[in-house]
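Please see the structure below; I have some questions.
Labels run A, B and C following the written order; every chain starts at residue 1.
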Amino acid sequence: MSDAFEPTIIAFCCKYCAYAAADLAGSMRLSYPANIKISQVPCTGRVDIVHLLKAIEDGADGVYVAGCMEGDCHFVSGNLKALKRVTCVKKTLAELGMEPERVEMFNLSSAMGPRFAEIAIEMTDRIRKLGPSPVRRQPQPEAAAE
Amino acid sequence: MIVADRKSLSEIQDMVRDCRKILLVGCKGCVTVCNVGGLKEVQVLAATLRIAAKIEGRPLIVEETVLERQCDPEYVEMLKPVVDNFDAVVSMACGVGPQFLSEAYPQQRFFPAVNTTFFGGAVAHGIWEERCAGCGTCIIHYFDGMCPVARCSKSLMNGPCGGSDHGKCEISRNINCIWDMIVRKKTEQGRLNDLLDIVPAKNWQTARDGGPRQSRREELIQNG
Amino acid sequence: MDDLKSGSNLEKVLKAGHFALTGECGPPKGANIAHLKEKFAHLKGVVDAVNLTDNQTAVVRLSSWAASAIMVQDGLEPNFQMVCRDRNRLAMQSDILGAYALGVRNMLCLSGDHQKFGNHPAAKNVYDIDSMQLISLVKKMRDEGRFMNDDVIDTPPRLFIGAAANPFAEPFDFRIYRMTKKIAAGADFIQTQCIYNMDRFRVFMKQAVDMGLTEKCFILAGVTPMKTVGMASYMAKSVPGMEVPESLIKRLKGAEKGKVAEEGIRFCLEQIEEFKTMKGVAGVHLMAIEWEHRVPEIAERAGLLPRPVAP
């Protein structure tokens, strides 16, 4: 069954770096797993704890935030704030009995197309090893589906 | 403001373990300012509880709302149309909130999602500190704006004790010795003489020690 | 200082102009009175009074007033310690009367260590009044014969009132003023924190003499012989308000193997020798923690025996 498991991974990508890097990866014709669903954000500082949790709640097997290199945030410190929130969500996942590694923070620049692909592969491999999110593993009762 | 810390997830889960449908109620007052019980925190807790229920394969509906204040009957009243639609209501306000809600809706069960800790303020982003003990008789003007009742671990009126250590309190290196600060400020301002008189024993009747307190403002009380 | 306030042996010794020596004893963590009496026995005839600690370091022990009463029965003089951490003003006044009724004549008024350090960190702390206010309270009970609320006391407690002073805790410059306040509040005698930094203590005593404090109050210099290098390092690092100079730690480290304790005692004896002639020092408070059996030897070597017999 795990062979057939194709994880769903949400990536919150900053438009100044990671999102541009994804574009670059595309134009360089670098392939990266289709499991990654990209959500563009104006700055990773915009990504809140609740966004990360919502993704998990809605069945994502993994979530990551990709922002600028430390010190290079377009809005000075948005990426540092994002890191703290990712850390906080890791703790929440641990409290929930889930693997904290399902959530991660990455830093890269707009010039790092290959690195973008690498991160996507790394994250997909990681989540594939962890298996489906326990949120999806259980047959969900009707009430919760409302 | 009143400062609070959120209870652990497991403690909240234990409170509502037998519920299938709960309402989380935040408050736009103090707990919003100290980032523990406002809209965002309500959303985070709700999502977390829903994830937990999904992991367990247990049906659970969590709805979210935020009141202007939970310490005012006129806002508490706004829950009236929905309050009975739930197995329980979890308040994210300070300790006043769940009590006002319980008084307004005696048929419903209310649980606190936070531990109310102290009266204080933010000394830095994400760090709050105690400043007031609510003793009912303010004396900070004798101590250049610093309160030994709230901020000395022993509430000494004639400190500092022998445990003052390089400006820190003997109980923790993270806590300033308020008496060290008082003495320094008085010295800098040439008012050390203020501290040479013995401060007599405090009358604690106005504090919680005198029993639960009530504040009455006759000009505001509406008859009938 | 002509009329006796309490008639305690310590008061008489001090008022007769003798160099006083007081000891210290921690009540047991249980009701093992035999063990307590055994500790007392070493101190009998060796010191003028013995401090009985009140749940020291916030660890529960047999009550200091009960231990004091047992000591009275055994013919020693207790110095009953009371901290502000565990009792409100009702309990304090009641225990003061109780202790007095059981023969206690000296009392040391302290703030007390915060319960966070002790074995009941979950306790509610009281601190209804502070040590300064406790001194005032005991004085009022004794001299005015009234309780804190001004009610008249039927047979007031006549106690020789003690207080603590720490010349080494920060803010240093304020320490002399705090002691001044304690004396103004009614302290008849002061026992200081353990002294290791003699330079700092000399300065403190000079201030006390210059300010006329030693005319109003007896100051007993606190000493604790170091048993090991580890004890010295621990006190230097981990005990708030305690100052242990590096030179002393070096000296202990330099002692021959198995001779560290002897070196500690020697340092202590040198200190006592200096205190005997230091202006304003009225005696020594020897806190030999769990070392009561060595007190007779230390007192002997310090030339403090035999103790004066009070009339």
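Methods note: a residue touches a chain if its C-beta (ideal position, glycine included) is under 8 Å from a C-beta of that chain, and two chains touch if they have at least 3 such contacts.
Everything numeric here is computed off the predicted structure, so don't read it as measured data.
Contacts between chains trace an open chain of neighbours here, each touching only the next in line. For the pairs B-C and A-B, the count of C-beta pairs in contact is higher at B-C.
With centres set at the average Cα position, the gap from chain A to chain C is 64 Å. Remark: chain B and chain C have CA centroids separated by 41 Å (rounded to whole angstrom). Separating the centre of chain A from that of chain B, both taken as means of CA atoms, is a distance of 36 Å.
In chain C, no residue touches at least two other chains.
Residues of chain C touching chain B in their complex: 84-85, 89, 111-114, 116-117, 125, 127-133, 136-137, 148, 164, 166, 169-171, 173-174, 177-178, 180-181, 184-185, 193, 240-241. Contacts from chain B toward chain A in the complex involve residues 8-10, 20-21, 40, 43-44, 47-48, 50-61. Across the complex, chain A meets chain B through its residues 48-50, 53-54, 56-57, 92, 95-98, 134-135, 137-144, 146.
Of all residues in chain B, only 153-167, 170-171, 177, 180, 183-184, 187, 192, 195-196, 198-202, 204 touch chain C in the complex they form.
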